[in-house]
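In what follows, chain A forms one complex with chain B and a second complex with chain C.
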Partner chain A sequence: MSAPTAARAPRAAAPQPRRPSLLADLRRVTRHQLFWPVAALVVLVLACGVYSPGFLDVTIKDDHLFGQPIDILRQSVTPLLLGLGMCLVIATGGIDLSVGAVMAISLAVSLTYIDATGPGTGTALVAVAIGLVTALLIGAFNGFLVTALGIQPFIATMILMVAGRGIAMLVTEGQITTTASPAFKSIGSGFVLGVPTPVVIGAVVFVLVTVLVRRTALGMLVESIGINREASRLAGVRARGLEWSVYAICGLLAGLAGLVYGAPTMAADANNIGLMKELDAIMVVVLGGTRLDGGKFSLAGVVVGSLLLTTIERAVIIFHIPSQVTPLFKALVLIIVCLAASERLRKAVTGAVGRLVPARPQEAS
Partner chain B sequence: MARKTFPRTALAALSAVSLLALGACGSGEASGGGDTISVGFSQLGAESGWRTANTESVKGNLTAENGFDLTFVDAQQKQENQIKALRDFIAQDVDVIAFSPVIETGWDEVLQEIKDAEIPLVLVDRTVDTTVDDPYVTWIGADFKQEGITAGEWVVENAPDAKIFELQGTLGSGAQVDREEGFDSIVGEENIVGKATGNFTRAEGKAAVEAALQAYPEMNLIFAHNDDMGLGAIEAIEAAGKVPGVDIQIVTIDGVKDGLKALHDKKFNYVVECNPAFGDQIADAITKIVAGEEVPKETIVVDKAFDQTITMEEIDARAF
Partner chain C sequence: MTTLLTPLSTASQWGARLRDPRYLPVTGTLVALLLILVVGQLRYSEKRSFLSMKLFSNLLVDNSYLLVLAVGMTFVIITGGIDLSVGAVVALVGLTTAKLLIGGFPLWAVLAIGVLVGAAFGTLIGVMVQYFDVQPFIASLAAMFLARGLCNVVSVESLGIKHEGFAALAAWKLKFGEGRESWSINLSMLIAFAVLVVAFVILHHTRFGRTVYGLGSGAGGNAVALMGLRAASTRVWVYVISGTCAGISGILFALYTKSGFNLTGIGMELDAIAAVVIGGALLTGGGGFVLGSATGVLVYGLLQVVIAREGLQSWWTKVLIGVVLLGFVLLQRTLSARRSRAT
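Up next, the complex of A and B:
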């Protein structure tokens, strides 16, 4: 997150070095890639609060936090986990379309194991481990296709996007496997010190991934691959191994997302778990200001993006929007955010405004 | 030459595959006589316990012992899969095609192809909206509208002043459209404070009710288009510290085991059954069609309804 700011700050401040006015500060803030998504999120949450008093209230019920903001946090964990993995993959210039199917597979594997073994806590732990290892292997398989065989990421991961649900169906034998295991269920609906477990999981994973890529050179190397693979290879970056591990991480996080998403209902529904979630994942990455063609990426942007997406889905009901026009409302908000964040559009607009107000000195460009 | 052999090998491979598929259905090659009826059945998916029970019933009745040669294809809830399966059935020239359409529209072309191939079509469970004249021989299924009406009548009688939140199924599906129409026609729009879709799934039903608890604080009754969404609603209501079935009454449609258990636990208030076990009626209709007998255009499967007086024995005795 800090890197892009640093990269942009001098450019934005350069035209008016002698008059560091409030306006320039403001302009610099609005040019930050996260400004518009954050603004949209804040506006949307406040609008919900105004429209429906009590929306912003967070109370303590049965020793844990309760309220709409908590629900939103809890539900945004699934897109967050998917988005973090997707963000790294996209930064290398790739894409992973299989994450939705991977969710279904990991949940199917875990629940089938619990179904066969029993509801004990030990079983639940083993089930989680099996589910995550399966997801990691699938991610590694994707990485193998992309790096070792050189298949284009879109095609390579589409294989499992299509076939993955079939695999999950094989695991569940075409049924919706429903089991009971209090320990496993708590992954999705439990609380740690009053905070919903999924939120804790999401926060821990975010911190781990951030430390991993930003406190080491890993993030920079990933970006260098995305910006120019050949140049970075010649500069000594082990592109292949790095890319491979990025896909593996993405698979692992998708598996975790599947477990968190499916745990509250304990039903391994191979057809519906994670359906279209790969698009959600790509959307939150893009909303967070990471470009699809690779290179610079923003993990904080993924957090904002997933919160925004979840809030939109909730706002639809809060605003009493008829279900038939729900997709339209969603699309509208997303289009506005994307347009507002578009640099080209902003230049066009400021250019037009500049011509109307000739008194102010213009930027050199 | 090479050009000619390619389609032929492809054809051979295809027939080998279809033979395998037939073998997988457990139909014995021994039954190969002229009197077995070949049936292509395209199920829309396995999205709920109801659908699974329906599939079991179909497979359990269209067996080799009963004189059927069933090719069963699961479309995994994708229309394109289903259209592909229907085209495969036409290519195989089966005696009868039966299918449950995943959505109502978009079938014109393939229905015309079936008609041109003169293969009788049996629609199962769901309906289609098409421009093709007389597209199917018979339709067997539950009357979704009647289910909605039955649910609505219970509400009018037992909770006439209820402030209702309607948890819709997947928008555009026959079950959603008809159940909503039937229910709304009885209770009246003024009692329905809000609607939102939960896509027939527990997780989304739960999320929708969480939001609805905030958006419609006056709500005291939820009508869910299926049991699964109602079960999600229970979780959301309990998380909010309210008592499902008392503070907020729940009326659902389907009658799957988990739903009836919730009814027995007094968390649901009323469940209208949507009986999935009508494979015998499908088998019956197909036999008649092949024999050239008259079949009614519509066969409505009789649905029951349950209130909280249901006993565990009744629930355990049910096939699904």
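Up next, the complex of A and C:
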């Protein structure tokens, strides 16, 4: 996305040295890959604020933060966690369709353990560990199919997308396992220093992942695999192990997302937890400006994307639009984003603009 | 890859076909089908024979809509694409049909509109894929959201269809046999069979069909375009075919359930993809057969019958389908690895 624009920028600037620098700055800002998502987010939040005064209010009750913005933050954690893992997988040129099913499995495993053992804090910790390890193993299995056996990512992860809910049902024996464990519940509905626990978890995970991939060469290697697998192999990048661990991380984060998402209800509904969430995860990544064909990725974009997605869902309620049309909105947003990213459409638009503005003499080159 | 079919006419060549590497996945499907039938016959024949016309009749009654979906999906998968919208389109067509019939529209118009809705969604995906370079997976995902969203706009409650003509269509059947051994052919089966035949002819005996195989055979369809075949329009048409099949399937599903509901067809696209993959189509594109996909649907349906007969809970279906899918993907993988080593 950014490569062609970066190449075009100096050429456009060269014949017009007298262009005011303010405009050039503006151009640079608008060309940043996160500009449009952030702009959309700001406009949407402002629109909600105008339509429903008090939307932006944050109050402190019993030392806890409350308010619509906090709710949006809290709800955006699930797509954020899914999106971070998905973003890395997509950067390698892959996709993970099993994240929704992994959410269901990890929650089912954790709650079944708590149900069998008891509501103590120690049990809750063990339950979380078991759920996360299960998710990690599932991610590793996906990675095994993709890297060791060379199955297309889309297909390899679709297998678990189909079978995963069945497995979760096997774990809960077809029931909706409900149980009580205050410690476990606090993962989803508790507060740390007044901030909702999920938000803290999301922030910590985001920082960890960012440090892991951006403070080391890991992120660059992942991008190199996504951009040109063969070239990166010739350059000595050990794609197999790297790709494998990316799928494992994605599984782990999906498991965590399942626990955070399901903890407030304490009910492992294997059929419905995480249903269609893989689509949310992909949307979040796409909204954040990461292209689906792999290569360059933006973790900050995932944060913006998940906030945008959650705000869209919330805006539907604020504007009193029947909540059933939310998928319609998501579809339109996805179609618009995809079309906007399309090289062909962009060329057509810039071509039309070029024809309208005759001040670009080397159009023929 | 050499996947273009040459029409063979003599029956004696079928034996050679079964051992031909490019038909091996389909041979695997046939083996799986026979295996399930034999095991079923041995295990479930206490009162009366498991293998009977009634079994196949029921199988087709229950899965005719899936057969139509799988046939459409075969075209898309052979080009190396995917269509994830079909399940949602089935739901939307069902709901549209129900709503329009309740609104008093003539039956023929309603059925035509139903099929057209499917075709419109296919066109949308095809245009996005071909002219805006959107990945098929994403384009069809967007269409899936769109269809589900429109479903919710039409109605969030199940709409029963009480139209007399529609009920007559649903109830029409040719009966054979007597008593407990009786079996029948209903309208859905005939429609599904007609779709199957038309698709078979189009895919395996026309220039369009060859182009479909060519699109999936590598170089992103460039080779096909260089040969002077209509790569661009074919790629759009492939999705139109899949969408139209989804439209027909939606009507068949409405005939089957006599209602429209916005939550029908969740995961149905995966059933269709699974059936096509089990039927021997390569998900990388370039290989697959209409009749293979039909066999895949039978395997899928029989697995459900077996699970029901074994008294297992329904969620075992998902696990088993996953396992079978994995098995067939691995089979394809080893076959294609061996083939690329051989060349």
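Everything below uses one rule, namely that the second predicted complex is superposed on the first by the 302 of 365 C-alpha atoms of A that agree within 3 Å, B and C clash if a C-alpha of one lies under 4 Å from a C-alpha of the other, contacts with A are read in each partner's own complex, and residues count from 1 in each chain.
What we mean here is this: a contact is a pair of C-beta atoms (placed from the backbone, for glycine too) under 8 Å apart; a residue touches a chain by one contact, two chains touch by 3 or more.
On a predicted model such as this, the values are computed, not experimentally measured, just so you know.
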item: Of chain B and chain C, the chain that contacts the larger number of chain A residues; value: C
item: First (chain B), second (chain C), both or neither touched by A:295; value: neither
item: Touched partner set for A:334, first chain B, second chain C, both or neither; value: second
item: Which of chain B and chain C A:265 touches, first, second, both or neither; value: first
item: Touching partner for A:156 - first (chain B), second (chain C), both, neither; value: second
item: Touched partner set for A:49, first chain B, second chain C, both or neither; value: neither
item: First, second, both or neither for A:322, with chain B first and chain C second; value: both
item: First (chain B), second (chain C), both or neither touched by A:165; value: both
item: Touched partner set for A:174, first chain B, second chain C, both or neither; value: both
item: Overlapping contact positions on chain A, where the chain C interface meets the chain B interface; value: 165-166, 169, 174, 270, 322, 324, 326
item: In the complex, chain B residues that touch chain A; value: 45-49, 52, 74, 76-77, 168, 171, 194-197, 199, 201-203, 206-208, 210-212, 214-215, 217, 231-232, 235, 239-241, 258
item: Residues of chain A defined as touching chain B within the complex; value: 52, 54-55, 61-62, 66, 68, 71, 75, 165-166, 169, 174-176, 178, 189, 261-262, 264-265, 267, 269-272, 313-314, 316-320, 322-324, 326
item: Touching residues on chain C, where the partner in the complex is chain A; value: 82, 128, 131-135, 137-139, 141-146, 148-150, 152-153, 156, 262, 266-267, 270, 273-274, 277, 283-284, 313, 315-323, 325-326, 329-330, 333, 337
item: Complex contacts: residues of chain A adjacent to chain C; value: 95, 145, 149-152, 154-156, 158-167, 169-170, 174, 270, 275, 279, 282, 286, 292-293, 322, 324-332, 334-335, 338-339, 342-345
